[in-house]
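Sharing a structure below in structure tokens format, with a few things to ask.
Labels A, B, C and D are assigned to the chains in the order they are written; within every chain, residues are numbered from 1.
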Amino acid sequence: MTHPTPDSASATARYVGSDNQSGISPEVWAAMAEANAGHAPAYGADAWTQAAADGVRRLFDTDCEVFFVFNGTAANSLALASLCQSYHSVICAASAHVETDECGAPEFFSNGSKLLTAPSEEGKLLPETIRALATSRTDIHFPKARVVTITQATETGRVYTPGEIAAIADTCRGSGLRLHMDGARFANACAGLGCHPGDITWRAGVDVLCFGGTKNGMAVGEAVIFFDRRLAEDFDYRCKQAGQLASKMRYLAAPWIGSLRDDAWLARAGHANACAARLARQIADVPGMRLLHPVDANAVFLDMSDSAAARLRALGWQFYAFIGGGVRLMFTWDTAFATVDALAADLRRAAA
Amino acid sequence: MTHPTPDSASATARYVGSDNQSGISPEVWAAMAEANAGHAPAYGADAWTQAAADGVRRLFDTDCEVFFVFNGTAANSLALASLCQSYHSVICAASAHVETDECGAPEFFSNGSKLLTAPSEEGKLLPETIRALATSRTDIHFPKARVVTITQATETGRVYTPGEIAAIADTCRGSGLRLHMDGARFANACAGLGCHPGDITWRAGVDVLCFGGTKNGMAVGEAVIFFDRRLAEDFDYRCKQAGQLASKMRYLAAPWIGSLRDDAWLARAGHANACAARLARQIADVPGMRLLHPVDANAVFLDMSDSAAARLRALGWQFYAFIGGGVRLMFTWDTAFATVDALAADLRRAAA
Amino acid sequence: MTHPTPDSASATARYVGSDNQSGISPEVWAAMAEANAGHAPAYGADAWTQAAADGVRRLFDTDCEVFFVFNGTAANSLALASLCQSYHSVICAASAHVETDECGAPEFFSNGSKLLTAPSEEGKLLPETIRALATSRTDIHFPKARVVTITQATETGRVYTPGEIAAIADTCRGSGLRLHMDGARFANACAGLGCHPGDITWRAGVDVLCFGGTKNGMAVGEAVIFFDRRLAEDFDYRCKQAGQLASKMRYLAAPWIGSLRDDAWLARAGHANACAARLARQIADVPGMRLLHPVDANAVFLDMSDSAAARLRALGWQFYAFIGGGVRLMFTWDTAFATVDALAADLRRAAA
Amino acid sequence: MTHPTPDSASATARYVGSDNQSGISPEVWAAMAEANAGHAPAYGADAWTQAAADGVRRLFDTDCEVFFVFNGTAANSLALASLCQSYHSVICAASAHVETDECGAPEFFSNGSKLLTAPSEEGKLLPETIRALATSRTDIHFPKARVVTITQATETGRVYTPGEIAAIADTCRGSGLRLHMDGARFANACAGLGCHPGDITWRAGVDVLCFGGTKNGMAVGEAVIFFDRRLAEDFDYRCKQAGQLASKMRYLAAPWIGSLRDDAWLARAGHANACAARLARQIADVPGMRLLHPVDANAVFLDMSDSAAARLRALGWQFYAFIGGGVRLMFTWDTAFATVDALAADLRRAAA
């Protein structure tokens, strides 16, 4: 059995499309192997689930409620549904994943809550935008705004600072809104900011965080974390009814034990971020290739001609391109620096 | 790393509550390890997902549509929702898992379809019961019956014969009903019957099967199999919206490759069944302990006094008891025969 | 223009199937005509809606929240949905209208809340039954009980006394359950009991009442009344989203003004009850026709042979029969005593 | 009893906010009075419901399926829900009522179908816009487009010509989309175009029409009309479950009989349109007041300063204003020409 590891280029290293193309990290794999010993109580009554939840509480340094679910679609949708009713609405950036790439999952889980999309600065909502949207309609012919969701890091690879989040949370409190964070790449945000996880969540006023594991070395698994325990009332029933309670819960929980141990989660995310920064540096002088956004996390967005993108693809790279120009190159826990260097060289070639 | 294997008793071997208390089988683990190599396309576009689906098609010897989802709650609920609208109803046994243990998941996924419960013989529906229920109400003030769901093996450890299923399917066709099979323990049914998987599904008239993997050696994972491909239209969208599309799909698919290889799935289920049969034989002469149902699969249901059950529990066994007497003892792919023998001895002791 | 009035037999008087076969009562018609003057603000901002809600508050002698919706299906379903989440359950009698004749509406409006049916005495739930059902399952694999709904008068024409309701409410409070009353025939119950409307609702511990107007002389219209105003939070949004907000609300509200004026609602219901009592008296000695239930309200249930029922139908009467014997004869605000007498005579003839 | 009639100014005539501020027209009132005779079968089995549906079929000159529901929110939401599943999407103009003023009703009734909003020319969608939106996303991470809804007349008082609708229907057929028409002001569109109702519906390729009655003289009531009867399968169950089946259906049906008789519906709508045209003519030369849209139906949209709008309001007029300038003045079946003239004079005064 071989595990791909950073700095060892492999035949499959040419995937830079998304961090969900990567596999299971060694520490996660090892934790699953440890958990795979004999029989255990089902549905979360096992020791691994307890230990993983305790580990999350220690990490955040607060007595939060923690639930482990299968994927980000469900984590975010269940969390949002728990914060509003069907006739309420959720404020998000127009570029938010919940709006653009979940096939209507938030609407399904909530039985009809509307997403109100706002313009943003590279995926980052501003307090004034939220306030404007929350107050633009106050009649019963339009769903009442009840929740704000922000993505940390954003879909365009930016991160909110603790101060920015606190300002948003203040706005929320003043407007009767709850604050949810889609943290599919929360680890990358923490690594990028170099701050304590609590600083950009509960200390800043976030009510619920969906902490992503899949994109950072797990096979499946996200943690839904309620910092205000009262908001978590009956959330276990909600998970069960929505098909998000694993019977063999230990396999959803143990990965968190492995990932939290020795702060592996942070080191892995930091490595992915370092790859993005490395690429950005290497191609800074390539003519015709402009960074579309500052690189705060593990993604590099490049303005690039369609023909250059086609040449890059012809060189064997897998990535996402946007209509009218622009590509996303994304790095993950096991991207080798050699892969980054090869990509930089091929970008230079494609640009020529 | 150690894998629990049959015939090696362990400290945890005293769990006989459910087959979901067991771990990951060696062949499933190995397949996951093989899949855990480098990067792969996400969302099911990888080679493992293709191979696993092809494997299922070969197993059933028909060109079915196959979807891999996280758990049985979702598999059954999504399948049922795809077969009816919110104002339709689903006929099931009163003891059916979808009715008794899914926290309203079928109603949630379908946005309100009602389950119509019927009396059954040890969890097995009869054609005449189905017909009576389907025709008992035909006015618009009651949800129109559109689907029948049967559990194979049943919640009380019985199996439907191919002929029994065919008779039910005939009734369904005559009444405008679709036939769904909850196959959380489909492997145990196949092993118990010694028949081809096709004989109790598409050849007998089943429209959709939820084929369980979790209880037979996987960490997570069920396959939803549409034998009539037209019924699967847009089912991929349904899975995505409902939070049941894994981004790293290879880890949901590879276990099936491992499990199907060399018919491991059937051997594992056969072993679990053999444990049940072994126990039944050994305790046949214990006074005060009566088999509640014939043993067709991997569960033994015993009529037992509450005090005997308490004594058994005091001896360290974990199992489910039913109010007013009766316990369920369930065996799985890795139950050691020594464990069965020890249980038999303790049952005899508890009965004394 | 002619209005049917009590004691004037008409060509259509042979409908004794349901009180919803009757028309609009003169006082309701007059109120609608008064409201039909010129233009008025829409969506309930008009003077009639305010006056009708105030009238309901005066009637109940408490500062309740009042909403007018189109029909009983919606009134009950919206009220129940407001009291629970999709993963909760609602305890009701097996014979409750919400279970037997709403085509899954409660499940639809709540996105999946399960109805838990209990055996009852002629449609009346008992505290001990409620307690048993509420505590029978407390694990997350079954929807948590959160609401009890009782029908007043019941589907079999019985009424709960104030004491019986208070006992149920006590049980609810002790079990974390809310208490809802389906009052499609609330007026008949009040008339039957001769008590103040508050005595069988908020003073007895009812949280929400759906007060029926349709069956007591209105074209459409039910009032949803929250005695605890906090439970009504955002209920206006819920009504709007669910298609139950009338733009020309005055036509839903004015009928209540007409009906409440001079206690017409009570007199009309009292008349319907008197018809039922009259029939019961007149047929007490008819051989082969036995009252199935005491007559508390406006319905008479008779045990009658299928052939006798057929003869009655052949004499021109429209009514509901139940499989295996038994018919329901129901009277309404405009049933003429002469009609009752004719029916009694025909029943005697049919029995012969 | 007095009925407001055109050309007789009244104390309440200063409402020009919406056509739903008007009352019940004499012909509708008379039909309700006729229907209010004695008892009748419930739930649509009465003679009025049959006659009203037949009347609609004659009007459209085709054998369509007709359902009568309470209001436009429900009519449109139920129709859209019948045309798609929760993981599908509905293409509409950004200004469409279903998007802007239904509090998420379409999402609720469909359990999560997303509305995809498109830019439009005064509320009118163009074939190329539809095609672009329908093909912009074809992956499972975004709801599949399945329905187009157009509003006739639009929210800004424009009408689609038969040719424009046919072109849209062609696009729909080519893209696997169904075509739904929100006809809350369908009568005004017919009157404005001077065409046969079939010319802008089934002959042009519309699948389902929601034909509004409320805004054209009824108390409540919309007709959902399926031109392809197969699309109407089980729609009666859908209505029942969603709280849109009236027990005393005759009061929803009879108004249609009254309205269709002697083409009153068309004359009433034509009068409302004439009022709008009359106002537009009279104020054409008022400085600082510009028509925002051509007047095709019964609404006049004026670009007007906020201060002018305030002065108009001070003169006693009730109307809707839009932030940043612009007002909507809407006329209805009973607006007196004298009212229009008075409004024109006051507009001139307010502009000064």
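Assume contacts are C-beta pairs under 8 Å (C-beta built on N, C-alpha and C of every residue); 3 or more make two chains touch, one makes a residue touch a chain.
For reference, the UniProt names are A, B, C, D = L-threonine aldolase.
The structure displayed is predicted, hence computed values, not measured ones.
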{"item": "Required minimum of steps from subunit B (L-threonine aldolase) to subunit D (L-threonine aldolase), each step between chains that touch", "value": "1"}
{"item": "Of all other chains, the one whose Cα centre sits farthest from subunit B (L-threonine aldolase)", "value": "D"}
{"item": "Same vs different contact residues, subunit A (L-threonine aldolase) with subunit B (L-threonine aldolase), by half of numbers used", "value": "same"}
{"item": "Whole-Å gap between the CA centroids of subunit A (L-threonine aldolase) and subunit B (L-threonine aldolase)", "value": "34"}
{"item": "Cα-centroid distance, subunit A (L-threonine aldolase) relative to subunit C (L-threonine aldolase), in whole angstrom", "value": "51"}
{"item": "Approximate Å spacing (C-alpha centroids) for the pair subunit B (L-threonine aldolase), subunit C (L-threonine aldolase)", "value": "43"}
{"item": "Interface hub residues of subunit D (L-threonine aldolase), defined as touching at least two other chains", "value": "86-87, 102-105, 108-109, 111-112, 140-141, 143, 237, 240-241, 245"}
{"item": "In the complex, subunit B (L-threonine aldolase) residues that touch subunit C (L-threonine aldolase)", "value": "86-87, 89, 100-105, 107-114, 140-143"}
{"item": "Partner subunit C (L-threonine aldolase), residues of subunit D (L-threonine aldolase) touching it in the complex", "value": "1-4, 10-15, 17-18, 20-24, 29, 32-42, 69-74, 77-78, 102-105, 108-109, 111, 214-215, 219-220, 237, 240-248, 251-252, 318"}
{"item": "Residues on subunit D (L-threonine aldolase) engaged by subunit B (L-threonine aldolase) in the complex (per definition of touch)", "value": "43, 85-88, 111-112, 140-141, 143-144, 234, 236-238, 240-241, 245"}
